[in-house]
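Following: one structure in structure tokens, then a few remarks.
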């Protein structure tokens, strides 16, 4: 009896509540990014030209906004896809997730640094901003990998019938981003601009559907999803778990 | 088998979860607008008159707050109405939605510019702010149009029995706002004030119910919604889909 | 047919979704209040005494934080109590609610003014801040009253069996706050401090349970809520609607 | 009749809605912490070295971010665990919860003070920041204790069959944090650094699973949670309430 009791230490925290809290943090962090753009104050003494110059200095912040918005979007999708398979929770898992959120909620700060430092003619500052930005993302990815590894090893928090090949593939693929961002850190010592280009190109890997994806989606959808006429909110409980290689991270 | 798997790449992201995340972004963006209003700092050395002058410079920010709050409100309603018909999701749709959110979450910045620049005696700055503001809204509308077009063409993510006339009407109507905002950009070169007036009048088109709307709503409601005595949360699953011309965007 | 269609113009916006969006705005506005407190920047050249002086100037902001947090809390409770009875939605109702949220989301700004202006030795500034603060609250209350009046008149959006005495009582009580805040505006011309004291005392009217309340709650609870052993999330659908006089606003 | 009516004064506020609003405040407060980190503005005239110096002054803010993120995370977990047992709500309970949220939403401010003051060579400022930080946490803990005490005494808002030993244990354990933070305030007079170390070590008490926990969790989980193949959202209604000593606060 005592044993059962203690094991339910986080009984109140179902995965439903964890994702609700996590979604809150994701959506706030992604929306706070806009605060890095600064509205120039117009003083009566200032000439319009000066104000426009100040406004022009905001375009790197705009680029950083777009980049960071897409990256947080990618993490949100990865997080949700993982929670599609994760059925239970425990204290350690809960804290891995909180550490992951700590990394995600931090992104607006390096995003601000990147906007301020990386598009100007000072290689030293550009490099520093890029290293901090990349380090934050590497850490976020490692927490995401840890979350998946912890939940799936020994089927700790997932169903017994999860495809072991799929679990291993995700584990392996989770290491792609840390490696790419490590390379971009190295690259920043040669050319901050090259590193920046890697930042902007890499997310496309997660966004653009693969060749196979494009052709198969319509066909298979018809099969797996018979017409539903109920006014469902889209919670389609008939989907038993996608096992495509791209679906996590 | 492989085919089915890959097509479920975003299986974990039901439309219910997408709207929850989107609602988060909409409600945060709309609430961040207030941060554009600046509380004057009272230094002991400053005269009360000076402080009040500083406070008076906030009224354009107040007007911009009201305008932008209403506009984000309109987008939120349009987004929700669309998701009333959208039953499924896929990777491309997910990213169109994230790009739409990127445009919506950006609104606090041009709203700040409009408040700072558009009500002062400097036509150049007023025009720049109006062009940026209108461009952001044009982009937001184009993403909203793309979202609807993508979801409905070939009944990709909607039910088969959706009224094709309704789908086409929404597609056509979605282009109203981009055209109006393009006109307001042109107008800003003649008179920034005229452009500003268009900004404030156009939202009324979405708010004020049409003549027909006013007369029909009470009659038809009685028919379609029999008294319900259950303590429902308002999720009225008996509504099978409004097809009025005004219901989207 | 056409009639039915048009009447469902906001079919996608169930009251459930409206409260979710509203809750988002309420919780963000209430949490943004803390941004009115400013952390003094410590420059190496500054003496610790100077920094502590700067910190001491934050206590009015602290008082404003507490006051405004409680007031937004009161509005949130009133809003939720109203939506307990409101079962349907339409376009006009939706926009009244968005205008209400516009008033609530604005509170952090007058809260900042009150913190900066109202506790210093400058009656003019104190009065201005109090008038703006009270006006914002009057407007918020009027929107809340309008929301209830619109939803209940002719049983437009509520059930037919709602107690008409209860509806009238709420309508009448909704006018208490606007009157009190109008009086506090008048009072601010005599003594800004007196007006401030009204601000801090009035919320107690909503918080402190009435004499009758205190005695009856335990007794009646036992009767109406039989023990439930299911792990419910607290959505107690057996409650058919409180009709106490205090329950709204 | 009249009695029943009045007792339902907060009928509209189920515990489900209270937790949703609370989760909103928790997730926003935790995400606002990042705003305490300041991106240095790069002026053309400034040397890169100067900018990097400014950036270096942010590491105490980073430490404060990590600490405060973990602490808000702990409160969120405690809050949710409590609401696992709390089945009903009333007016007084509602206001205790709003006061608790007021304390939680305030944390970003003392977190900012701690980051600015506590890692510099000015013991006076460090001590002041630590006292404010610790006082905020003591107050938060007292509200959390009050919430639990109020809900459980006389089984006011919990089920009749809750383990009385468990209730008492939580009541007693809830006093640990206030005592520790009181000690850290005393310690700050001897050595601000020592006090800071207590701040960083104490949360580990809530994070690190106890020896028994580690060994029992896998065993007992298998027993209590038979494999589920439904696509549940994780709301595991079969858990009837953990009674482990660690589960609250």
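Letters A, B, C and D mark the chains in the order given here, with residues in each chain numbered from 1 onward.
We take it that contacts are C-beta pairs under 8 Å (C-beta built on N, C-alpha and C of every residue); 3 or more make two chains touch, one makes a residue touch a chain.
Bear in mind the structure is a predicted one, so any value in this text is a computation, not a measurement.
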Checklist outcome for this item: Chains adjacent to chain B and to chain C under the stated definition are none
Checklist entry - When chain A touches chain B, do the two copies use mostly the same residue numbers, with over half shared, or different ones? => result different
Checklist outcome for this item: Averaging C-alpha coordinates per chain, one finds the centres of chain A and chain C separated by a number of Å equal to 35
Checklist outcome for this item: Between chain C and chain D, the Cα-mean centres are separated in Å by 25
Item to check | Sequence positions of chain A contacting 2 or more other chains | outcome: 19-20, 24, 28, 32, 35, 83-84, 235, 239, 241
Checklist entry - What kind of graph do the touching chains make: line, ring, star, complete, other? => result ring
Next on the checklist: Strictly by the criterion at the top, what is the full list of touching chain pairs?
Outcome noted: A-B, A-D, B-C, C-D
Item to check | Interface residues, chain B side, partner chain A - complex | outcome: 3-21, 24-25, 28-29, 32, 35-36, 83, 86-92, 94-95, 98, 101-102, 105-106, 108-109, 112-113, 115-117, 120, 122, 124-125, 128, 154, 156, 159-161, 235, 237-241
Checklist outcome for this item: The chain A residues in contact with chain B across the complex are 19-20, 23-24, 26-28, 30-35, 37, 39-42, 48, 51-52, 55, 65-66, 69-70, 73, 76-77, 80-85, 207, 209-210, 212-213, 216-221, 223-225, 227-236, 239, 241-247
